[in-house]
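Listed after this line are the structures, all set down as structure tokens.
The same chain A turns up in both complexes below, where it pairs with chain B and then with chain C.
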Partner chain A sequence: MSTTIIEVREAPVELTLRQRWSHYFAIIYAILAVIIGINLRDTALYATVPYSNPQVGITAFYPNHWLIDNSGNYVFRVRDMSQTGFKTAMQVNIIPINQDMTTRNILETLILNRSQTDSTFRVLSQEPIQLSDGTEATQMRSTFVASDEDPFLESIPTVVERLDVIAVQGGQAIIISFLSDAQTFESNYPRFEQFLNDIDF
Partner chain B sequence: MTLTSKLRLCSGAIITLFALLLIGSPIQAQTGLDVERVQRATVLVMQTRIVGNTPIITCVGSGTIVSRDGLILTNAHNTLPGANCPGDTLIISLNIRPGEPPVARYQADVVQADPGLDLALIRITRQVDGRLIDRTALALPFVELGDSESVNLDDTITVVGYPGIGNDPIVFERGTVSGFAAEPSGGDKSWIKTSASIAATMSGGGAYNQNGLLIGIPTTAPLTPNPTTGNCISVQDSNADGLINTNDVCIPSGGFINLLRPSAFVQPLLQAARLDITISFPLQSVATTSAPVTAANRPRFRYLGFSPSVNAAGMPTTIIRSLPTGSDSLYLFFDYENMTPETVYELRVNTNGIPNPNFSVSPVRWSGGQRGLWYVGSSGQPFPNGTYEFTLFIDGIAGDSARLVVGGGPDEGPAFSDIVFGLLDSSGNVTGTGYVLPTGTTASARFLYRNMNAGTPWAAIWYYEGQEVQRTDDGTVWAESDGANGTKTISVQSVTGLLPGSYRLELYVEGRLAAVSDFTLAGGQDGSFARIFSDTHFTTASSIQEALSAAPITSFSAGTSPIFAMFDWQLIGSGTLWRIDWSVDNQVFFSQTQPWSGAPTGSNFLMQLASPSGLPDGTYRLDLFIGQIQFDTAQFRVGIGQLPIDRFSSAEGIILRGRVINSVSREGVPGVSVLLISEDYSVSDFTQDWNQNQLFATATTDRNGRFEINLPLQRDVQYSVVLLAEGYLPITADGVEITDEIHPDNSPIDITLELTPE
Partner chain C sequence: MSSRTRTITPDEIEQERYPFRRAWPSIIVEIAILAGVCVGVYFITRLLNIQLSGLPLSIVEAALIAVPVILWIVFSLMREQAADLPRFRLLIVMIITLLAANAVTIPAADALFQTSDWLPHEATIQRILGYTFTLGVAQAITQYLVVYYCVYPRGLRVRADSIAYFAAASVGYAAMLNIHFMLNSTPALDVLALTVFANQATSLAMSFMLAFGLAEVRFASPTPFLMMIMLALSALIFGASVTLRGGLVNGGFSLLGSEASPLYGFAFSTILLVAVGVVIAFFFRTAERREEEAALAQAP
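Then we have the complex of A and B:
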């Protein structure tokens, strides 16, 4: 006896053109939403505030909601106070130099000063770089240990990585610095990169 | 959601949180002494030196932080290198937790010191591991100085310090003011005596009045360390012989203190340290260096005598043989020679053979000159009847002693008193400043006499620099025409002229010393007065040579440095004690008394005032004195002529501290930023600009979530607060205010704040 198997299949449903487009649009909307979301996030995350100091001839854009301070021995400094532990910071210094001084002299002075005031200071690397506007500069990576000045609190010191970009222009040296907890240095670095690209002196 | 919108959402809900927390703080009993602040501000000062590769402790004392940027008040003897304390590095240990020994945290440098007064101000400059400290970043707890002049007998005081050489926690010793000791260097309140039991290592700590203000510094000077007498302890194998014994460095530690150096002596040093001005003498040598002690120049005291009072020049009004019942004032006078600021002297008083700590002076540094007439005494403190024996010690060795009976009625015997000096005017009256006369051929003295009888033998002997120059004839007796009571004038003369310098007149009656007084001859004659200093002026220049010929200036631009001061002088004898006072806005910041060591007459005595950041704005005055009498004064202005106001100089206010915890896990959140916004701004103002200038103070939580605002909050001022931490919803609050109703005392406010994870 032979068995006949009859397979019943649902006839393929042809999508209507409308359905097909609605699917396409849904996918496009989703992609657009993701793009807009990412864009909004980046806009919020990388939103900047303009800074201008005509006296020293510097304009810059620093991250929104970072605390700006121009009362120290620098042109200005901004810090991310929402960071736990060491507050990621970017700062700009200007030091007068004599015309015979080279970037090498400035670096040596920085290294000597920092070594004498901080026994934990270590230089990691030095290399020439070119800024986005074509200015020749030198960058120096270094580390030191930062600890809370309040002796009555139990604060654990943080290893800080520091990047100094030194450019010589108009009889003065401009030192643009980025300081971050060494653990988060790389993830925070894009902020500094943007800061460095936007700064004008 | 942006940070700003998060802040807006949270601020409404949290706005009353701080107020509620503040209201919820426990109200403590009203007290003037902020025990915790004083504990934290009291430090252990260790002087050390490196032997081999090991730091060896050479001296230990206590100290008190008196400014938020790390100025510490302590004794000079345990900070300045010396024979008894031969170290060169100062280590500062803090009381981190109550009840525990102090922990070494910092290194410090001496910025101001007076070895004689035994006071020093040292400044924290490095971490203990040697890293330099930016002092503007320091925010240490500190105490304020009180008015030691307002301290009275029987006032309750609290003395704070470290009773051991490192293992003991801080102690608070309560006691009363049991008296005052007088010396020429500071008048009737040169020392405050106390009944509190104070260990020698608490020397340099603080004594506080009931308002919690520092009014004195417990002070005693260490004698030469001698392990066999137990006045020191060896705690380290300093000679690396594998043993800790009498051959090792012995840290002075023995003895007890009954004296407080009043805080009034600290003010000039503190002002100088705050101003950061260095005063130097580029052309003249004014520093006195001590010659090595030999048998010939060993310090000594002699000619002890008693007087019931002293005059304005620090001279005894009369010399007495006994003190009547009920007397409350007595001064022991004596001559001194070869003394240095490092010499340690002590007065031990026995009453009827029993040691009497009330009138004794524990071992202290010498605050006078090299030689002269000195006194130590007390007033306002009744002397019970009895036989008093006063014995003076130098560097722990007993010297001369004198005995006095207190009791009975007033002495009705013949007496001389109240000697003053001057020139005779046309009417025969003695005129002038009293104790400093112009040079000439004659100097006169007027004195009071009482109970004199005709025929009573008396004598007057004049001395110049310790050498007799004139005396009354032997056998001189009191003339009937002078009467029993009155005033008499006598003179010393020299046809070749009296030399400038130090003179003394001794008056004897019936063979005993009845009155004595020193006076000084200096300068040219200007009527009855001496003209000693002249042409005092100021200038600025890039070199000393340029300064000598530069035009005088009375108003300098802000930030000028250096500024030179110059004056001319005439007829000052070598060794004549003179004093320079510098003040700014009427507050003395430099006072130095020294023997004159230059030529008798000259011009352009040069002083240089310099400051690394330029002299602060202010009105500066230079005063020149001889024998407490001002002989010249001049002033100049820098900038606006007024010192800038330091809003951080006050310790007044309430410390806000607390803990930030995770609202879910209840564990402390480390690394949270606590931002306290100034009263002029709100949270919304701040979050517009995120500017440091709008902040009153900031803090970051430690690994346990604990934080402490490093500036004391003021009462009745509205602050705003922002708490930020990555991964948590921020907290904001406006209108955070501390009122008397909420928090009536000065104790710190401790709060707990909860952060909600995002």
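Then we have the complex of A and C:
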């Protein structure tokens, strides 16, 4: 005995060519919009402002909306004031050196000074690098703990990661530093990379 | 002799019963009650200076976030069962949109666009464009794709189906936006109340645009670019809404001090929703009338 199965289905609704293209155009628009969105993001995130100091011979491009100040013991410093907690900063400093000093001497001096003034200072690594214009330099990664300057805020101290790039040129050492909350260091690092690539001294 | 009473007016023509649930009245009732609840919570919290914390606050916040979903279940989903020809996939559309928003759209948009890092610092026009091409498009395409792949074309039997399904998608997406806002921002109760309304109103206004586009594509023969244009306008509504509402709500800097004006934001969301709703309802009515006239013209 054989069993016959009768399957009852509704007739499929055929889409017209116009309806198909309507859907494709919607998808294409969404893809294009995402590309435009990413482009807008990059334009805004990586927008820079030129900085020039003919006295020390430095030209740099720092991130738009960052606060610049040159009143400290550095040539200039820029900080991202929109960040909560520790403000990500990039600073450029110039130290006159004598002919006999090497990068190693400068590094040791920096480590000695910082260790004496900050008990939380720790060196993580030192390695030679080459800047985008071919200049030989040395980079040093270190950490320290930053507390809020206002004791009444009762905030938890932040572990800060610091990257110093030291290049010796024309009888002076140029120290380009990047300071960021250790938790956001990697995400903020591309800004510093761009800053380092654009700086001219 | 016949006892039948004769009147000079013709006998009443028996109207054919409309077999589908009417989508617009449900939406109006839901949004009106939601507005009342949110404004009520805002004033009660402000006037009585209620400051909840811990578990009681979490319970009240969760209840507030559930209000739009509950209203939609009561006035749309449950009333659907009373219709002669109910729409079967409303709940599926709502849940899939909610899950897609949580699992794909919101995390992907946050990771890809990082809007909180750059958009708040931009000027008004850039912010409108920025939100349009990032979060706006992400939300619009999510709602569109869910409705398209869940119900299109068979689920759209009449134009009102499009409104009903996109309204379901908007409820799902707005619910997930509200949950993320509650969990990530830990807002005060009055702020959450008005944000819940704003998210729902914006999401609904966007869905009206998408609903009109898809209904036209299904029942008329518009240009193939129409759906794309409606998607773009829908995203633009999001961009304009977020930017302009933010500008109205946040207090400006002044020597006299500044204070946030959340009720301006509420008024803006309401006006936006009503304006978009009236325009789209007019377009729907015009399209339906055009269709009826075309059918009458073709009748022998």
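By definition in this document, the second predicted complex is superposed on the first by the 170 of 201 C-alpha atoms of A that agree within 3 Å, B and C clash if a C-alpha of one lies under 4 Å from a C-alpha of the other, contacts with A are read in each partner's own complex, and residues count from 1 in each chain.
FYI, a residue touches a chain if its C-beta (ideal position, glycine included) is under 8 Å from a C-beta of that chain, and two chains touch if they have at least 3 such contacts.
For clarity, every value in this text was computed on a predicted model and none was experimentally measured.
Applying the stated contact rule after C-alpha superposition, one finds that A:Leu153 touches chain B and leaves chain C untouched. In the superposed pair of complexes, A:Ile36 makes contact with chain C only, with no contact to chain B. When the two complexes are overlaid on their common chain A, residue A:Leu112 makes contact with neither chain B nor chain C.
Within the superposed three-chain model, A:Leu124 lies out of touch with both chain B and chain C [touch as defined at top].
Once the two complexes are overlaid on the shared chain, A:Phe25 sits against chain C while remaining clear of chain B. In the superposition on chain A, no contact is made by A:Ile95 with either chain B or chain C. In the superposition on chain A, contact is made by A:Val13 with chain C only, not with chain B. With both structures placed on the common chain, the touch criterion links A:Val56 to neither chain B nor chain C. Within chain A, the residues touched by chain B in the first complex and by chain C in the second are 44, 65, 82. The touching residues of chain A, when paired with chain B in their complex, are 44, 65-71, 81-85, 87, 116-120, 148-156. Within the complex formed with chain A, the chain C residues making contact are 112-115, 117-119, 121-122, 126, 129-130, 132-134, 137-138, 140-141, 144, 148, 153-154, 217-218, 221-222, 224-228, 231-232, 235.
Note for the complex: chain B touches chain A at residues 2-4, 40, 94, 96, 105, 129-133, 137-140, 669-673, 675, 687, 689-693, 695, 698-704, 706-708, 710, 724-727, 730. The part of chain A that touches chain C in the complex is made up of residues 10, 13, 15-16, 18-19, 21-23, 25-30, 33-34, 36-38, 40-41, 44-45, 65, 82.
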